[in-house]
Amino acid sequence: MLSMFLALFLVTLISATILGFVYEFTKDAIAESRAAKQTEALKKVLPPFNNNPVQEMYKKAVDGDTLYFFPARKDSALVGIAVNTFSPKGFSGMIRIMVGFLPDGTIRDVAVLEHKETPGLGEKMVRSKSDWSVQFQGKNPKTFKLAVKKDGGDVDAITASTISSRAFCDALERAYKNLTEGGAK
Amino acid sequence: MDAPKVIEHEGTVREIRDGKARVAFLAKSACAHCQLKGVCSASEIEDKEVEVDVLGQTYQVGEKVNIVLARSLGIKALMYGYIFPFLLLMVTLFVVYGITGEELAGGLAALFVLVPYYGGLYLFRTRIGKEFKFFVRKFV
Amino acid sequence: MEYFVILISAIFVNNIVLAKFLGICPFMGVSSRLETSVGMTGAVAFVMVLATIVTYLLQYYVLNPLGLGFMQTITFILVIAALVQMVEIVLKKVSPELYQALGIFLPLITTNCAVLGVAILTIQGKYNLPEAVVFSFSTALGFGLALVLLSSIREALDMVEVPKGMKGIPIAFVVAGILAMAFMGFAGLV
Amino acid sequence: MNQWKNFSKGLIAENAIFVQVLGMCPTLGTTTSAYNGLGMGLATTFVLVMSNIVVSMVRNYIPDKVRIPSFIVIIASFVTVVELTMQAYLPALFEELGLFIPLIVVNCLVLGRAEAFASKNTIWSSTLDGLGMGLGFTLALFMLGSVREILGSGSWFGLKFIQGDGMLLFVLAPGAFLALAYLIAIMNKFNRKNA
Amino acid sequence: MNKLLTVSLSPHVHGKDSTSRLMTGVVIALLPAWAVSVYYFGWAALYLPVLSVVFCMFFEFVIQKYMLKRASSLKDGSAIVTGLLLAFTLPSSLPVWILAIGALVAIGVGKMSFGGLGTNPFNPALVGRVFLFISFPVQLTSWPVPKGFHTSLTDAVTGATPLGLLKEGMRSGEQVSTLLKNVPDHMQMFLGYMGGSMGEVAAAALLLGFLYLLWKKIITWHIPVTILTTVFLFSGLLWLINPANNADPVFHLLTGGVMLGSIFMATDYVTSPMTPKGMIIYATGIGLLTVIIRRWGAYPEGVQFAILIMNAFVPLINMYVKPKRFGEVKKNG
Amino acid sequence: MSNTVLYTVISLSGLGAIAAVILYFVAQKFKVTEDPRIDEVEDVLPHANCGGCGYPGCRQFAEACVKADSLEGLFCPVGGNEVMARVAEILGLEAVEEEPRVAVIRCQGSFENRPRTSHYEGATTCAVEHALYTGDTDCPWGCLGLGDCVEACNFEALYMDEKTGLPVVIDENCTACGACVEACPRDIIELRKRNKKDRKIFVSCINEDRGGVARKYCSVACIGCSKCFQVCPFDAITMGNNLAFIDSDACRLCRKCVPVCPTHSILEINFPAPRVKKELVTTAGADSSGKTAGTKDTATGKKSSSGDSTETQNKND
Amino acid sequence: MQKYQLKTFPKGGVHPAENKLSAGSPIKILPLPERVVIPVVQHLGAPAEPVVQKGDTVVAGQLLAQSKGFVSANIHASVSGKVFRIEERFDASGYKRLAFVIDRHDDTWDPAIDRSDTLHEHITASREEIIRKIQEAGIVGMGGATFPTHIKLNVPKGKKADILIINGVECEPFLTADHRLMLEKSKELMVGIRILMKALGVDRAVIGIEQNKPDAIDLLSSLAEKSSGITVQALKVKYPQGGEKQLIKAITGREVPSGALPVDVGAVVHNVGTTLAAYEAVQKNKPLVERIVTVTGKSLQEPSNFLVRIGTPVAEVIEAAGGLPEDTGKVVLGGPMMGKAVSKLDIPVTKGTSGILILPDSEAHRKPVQPCIRCAKCVSVCPMGLEPYLLMSLGQHQLWDKARRERALDCIECGSCSFICPADRPLLDYIRLDKMRIGALIRKEKKAVS
């Protein structure tokens, strides 16, 4: 009885110790790689900046979820704002997108953070899968209607994925609207 | 509709004493098809045993028999063993959670409600035990 | 209504077997007796819900406060393994006859993969406890549905002459594939 | 010679997937592309080899009755190691494989080898056994991933060689079942001929 | 007497039904719908079904001969029916190579993997169709606009099916009543003037086929009538509850594949239940699922999935729904 | 050491301890009562699951062996003495040697020997035809030729000879599992002792009709004339029901009975061709496949002594 | 429009082409054969035990074999002559069975037998006497089952019959023996019915006749009006209306429970031939030594109905109808749906031989078996509510236990399923196999219990 108890105890003890150390060792790397995703996206959608937008981040609760705003400054002048926006209307649920606006409201670029769309279809909104989202670069929602052409907008839908495309537009529209409605500081 | 009304397993008589026979049978586990079942612990292809009244019948140790359980009893066993505690679990969780709004409370209450449930089963074990009657049938 | 969405999603849209690929082994291997499949669903539902409650509490009230989120895997598997067997022991102790009857009625439940998977999924899905419970219960139902359908189809296939090379596992996978295809029709229901 | 056999049997003759049909969940769930299949296979191989080594190291000190729990702890530890490492250094792949990395713990292949082989054999044999089984597993996952990627997206390791899309179904759930079904059938035929 | 007498068990006479006769009957029943389709969609609707039949027969022959090494069964005509029905569920603008893949999947996966005629649990044509639908969503949802025969020789313009319009519109939050203004009226739909798969558009022609099948006793009324009734009642109920958000029941009956599916595909012997009671359960399921998918699902049309899903229930139904036995003894009453 | 490591160690060790206790109890309660030797025995069995041993499957047989005190009455015909010896070794018991056996077809009613008197059509199983009538010949005893036995054999040890319409046993494959004996509705197949080189002598007929009657249906029927009975020096032959029967245990393969049978009912199989016909086969080389050829020959109803055997004339031992 | 109110059984059934070629040809008496072969078993049940020996001289009507056991029937000589042999002879069963071979001398009859044509309407015999006489006369069911009639008349204690149903359905295609009998022996038939009613103690009898025999319906209706309690029920033409259970259902609406006997629902069914035999036995002391046989076939010269002595070789009967046609492929004893094909023509006519059907070679063969397409036609035509396709495949897979649960034993072997199956599957062949094996299983079980 005792030997068994001891053996198992020892096994767990040793495992635990090792695990603890491995965790310690990888902790920073994990945190980094997690953060990297966000900063990568920020870097991608925003013009060059030299502040830390994450520190200046502010939130706004809308439509049952939260928008995150990341102001980017170069030498303390606002060069753009990135919005971590979302749309629940994806083909299979929530989509989160980072969209970067220039101060005049022009979209600089977009990056998909999170989605569950179908591989090969809705998934094409991700830049690494297709160039579909390039069409948003340099468009100002003031003049560029953020809706798919089928619905009378200016956006070319991903072939056979109007739903995802719509959700995408929905997310951008949400970001733009809240940004212009006094979101920007 | 015309499904058999009993469940049968093939078993072997292990021991006979006082008009009761211990009959062992193989319960096929979910992994019965798996080739590693012989070595895989998870695949408990296990010998189970039941005790059966065989008073007045002649069986020998080692004899092959069919263990027969009425299907309705099998379903009843499922009810007592899994369905009722499951329902109890769910109901308690939702009630306590609904009242207190505390997840921890709800969760713990749900877990601990199993204690009285099993306690109840234990109290009534002779009663329940009487319900579950198996019998054996000669192997044909 | 939220619960209803979870229910439909877990049974039809994101069926654990046909869309999420969990618990394939018992799905393929469980005896083709239909009744057994139904019985198993009940048992799995209980075990899954029980495991979900325990692991949920463990995650949110022990691991997370201690900053030990990374130990999820190892703690969950230990807890689940112990839990499943404890249920059996307790049952055996409190009512041996009941236990024996169950033994005759059901094959043993060894759906570790699915149980662990569901436990982790509830954490990933950021459900609250009641939702988590509904989720795991619906998942068990989805598992049962897939199991019942497949076992009945396989039983029917036993009566026809399936080509030699396709017999057994391959044809079961073909059936599962077409079933998964059919279940894609539920897309968008939630 | 015997050691070679310890290694090679897992590749074809006792291939975990095609012959023994074990560990189906990750096989189906992670093979949307050749790369993912390979990644999952290697992660499993790592756990398999390491746990085999450790189990065979401690096999004489663990009392029989707590063998299984100890093995589980050992395996789970390595899984967590893999989890943490991948999260740190291969976050993209980790996200793709998702749930299935922690589920390596319950992969019957891993526990099965620990129990059936490593707990009875020397470290060296166990290493080879784990390596062979793991590589066989990886090979199968890789093949399935390749088939699905080629048919489903018209690419291999992300390299496109047709215009447009492939047969989308193959990257989706039903495609996994169908592709595996026919792969196993083909392998069966192949194996039977050899036998 | 030098000739040997033949000996066999009774009966010594046989009815005139044969598998090939039944299959020929189905083909004949499909002709009116085919004709209408050629009228609206032009040449493509003439040669695609023919090609589809050729592909199906070719694959069946090859698989039987070289892979299964069994005697050929092309004569029974089931591959012809599968080929025709597969083509009928596809748009007339479909590239031929996709059609070929569909035929391969229908016959290879849907039928021969299980051992050929009579063994398959799922409707082969639908397996092929759904496979294509999921694999090539673009091509499978481009619908040529119907025209008269003479004008359609030129490139067809693509448009949406009425159901597609409905789903699109509902997704973007429009009122159903305004949406329905853009679709053909009921009479036009009844005669087949709308976008859709080759064989599904003309309800009138399909009903004609139905009557023929009934007359020839090839099928019974149970499945088609039950499906249509269920669709009508369920969608009618939804419509009564909220006419702004739901299309009227007649619309549901006339659009999409409900007619084709209920008359020709849900009735496939192999994949439908064996007893009238079972058939009614099965058909009710199809009807309900169809409307559920149409109303709440992601896809505009649900018949194909509904039939496949209910196909999966058929063994269960056959197991538990038995014919009324003669002299059934009441359970230990 | 950081806090995390500490927590990890503490909590996991705690968990380990708890798990240890739980699992210890589990192990106690769930002591696997199954004898591990069952697995070992099962491993050496052929996994044919044919039921030839009288148990439903190999595992049940293994169980029976493990539980039994002696291996008497327990025999796996498929594995034979070799496997039983290994089983005995595992269990530390004495193996009971059993004579290896082989199936023989006791009917020679080929198309040639037994004229067809009707044409059977219908379900192609002997069981159904047997229930209907005597079959497409008038012999109510003889083989129906629809191959229920072939179907029943798990070891590909039987095939239907197209030329004769009779089943043929492939001696090498036959494990004497008895499935065919069970399957044949006419009890034509018998398991006989397997002799050296698979040689065998038996009366290939089970027709119990009176001689004249039997002869009318089938030219090679046993007519119960007792000539073989009189000539057998070892009393291996018994007469009964108008039929001779050779006891395979008593028969010493002397072959004296073969030539005396007026209807050539007695078969000798796998014997070298008789000396008298020596000159006929001088050109034949050493033909190793002679064994099968011999089997087939006899099954076609041609007597081995008819001389067209391709076998070399290795002298008898 | 219709003259009669038609009844029929509700579920299943088929409509094979009727082909009643010989319906218009009156019953002719077949010339006496030179040699007869009279098997000791011509009925369902135990063989009778011979009471004469080889070389004995017998007269027509003399007892040859005494019934043995409960379910068994006496066998009588059908001609006078010398017992040439008592040996195994092929008979309709397809096997050889013990039979008396009698060389005919002349046509001497047992003097106790009244062979005149006078109608004895008055029934003097008591109930017990009737049953005893019927038993002595060796009467068995002539509708095909050849079940000893006296047993059916002996209603078991605790049960009560309230209706006698006379089976004049003759739903089998081709056969017309019962039809002719009803037309030509209608008066005797009515007396026979009253005899059976008396034996059973019932006051109601219904004659069931299918609509395709309007002359018989009319004739018997007019006769029935004169006797109280007897009515005629016209029935729709549907095979197997003549099946006992179906007929009871059609006429009374009662359903004989699975595994039970007709008397359990108060009904007893007798064939018209049986009824006539009962009349002759009771009123004229005549044992069952001759019967009406339809000889028919599309290529046969003159399809006819003969009164044939039991034991006459089939070949001779065919000869009398013009001889065996050139293109003959199959000879069936009985009708095409339930009859038994025979391999040779020297077998004798027995008590159960209602017809001899000669099928040309072109119609004698079965078509190649194709896979089941699950069209459910077999299920829909099965009058017993069974699933023939399932029973067949259970049979092929040797799942007898399951077949038993699916009630294979309820099958009445009507052949409707095999008849209708578009895939030409030998359904009934395998169902018979099921039944055989289940029977063996049951016997084994019974043994295990005792």
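Letters A, B, C, D, E, F and G name the chains as they come in the text, with residue numbers starting at 1 for each one.
The definition used in the following text is that contacts are C-beta pairs under 8 Å (C-beta built on N, C-alpha and C of every residue); 3 or more make two chains touch, one makes a residue touch a chain.
Fair warning: this is a prediction, and the values are worked out from it, not measured in the lab.
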For chain G, the least number of touch steps when starting out from chain D: 2
Chain pair with more C-beta contacts, C-D versus B-C: B-C
Greatest separation from chain A - chain, by CA centre: G
Chain of greatest Cα-centre distance to chain B: G
Chain A and chain E: spacing of chain centres that average the CA atoms, whole Å: 44
Approximate Å spacing (C-alpha centroids) for the pair chain C, chain F: 47
For chain A paired with chain D, centre-to-centre distance based on mean C-alpha positions, whole Å: 32
Residue numbers of chain A (touch at least two other chains): 4, 8, 11-12, 15, 19, 23, 91, 121
Where chain C touches two or more other chains at once, by residue number: 25, 28, 70-71, 74, 78, 81, 112, 160, 166, 171, 174, 177-178, 181, 184, 187-188
Numbers and ranges of chain D residues touching at least 2 other chains: 21-22, 65-66, 68-69, 73, 76-77, 80, 84, 106, 108, 165-166, 168-169, 172, 174, 178, 181
Parts of chain G lying in touch with chain E, wherever the complex brings them together: 11, 14, 16-17, 94, 173, 245, 249, 255-260, 324, 328-332, 334, 336-345, 357, 359, 361, 363-367, 370-377, 379-380, 382-387, 389-390, 407, 410, 413, 415-416, 418-424, 426, 428-429, 432
Partner chain C, residues of chain A touching it in the complex: 15, 19, 23, 91-92
Residue ranges of chain C in contact with chain E within the complex: 34, 148-149, 152-153, 155-157, 160-163, 166, 171, 174-175, 177-179, 181-189
Contact set on chain C toward chain D in their complex: 18-25, 28, 70-74, 76-78, 81, 112-113, 116-117, 120-121, 124, 165-166, 169-174, 176-178, 180-181, 184
Residue ranges of chain E touching chain D (in the complex, touch as defined): 101, 109, 113, 131, 134-137
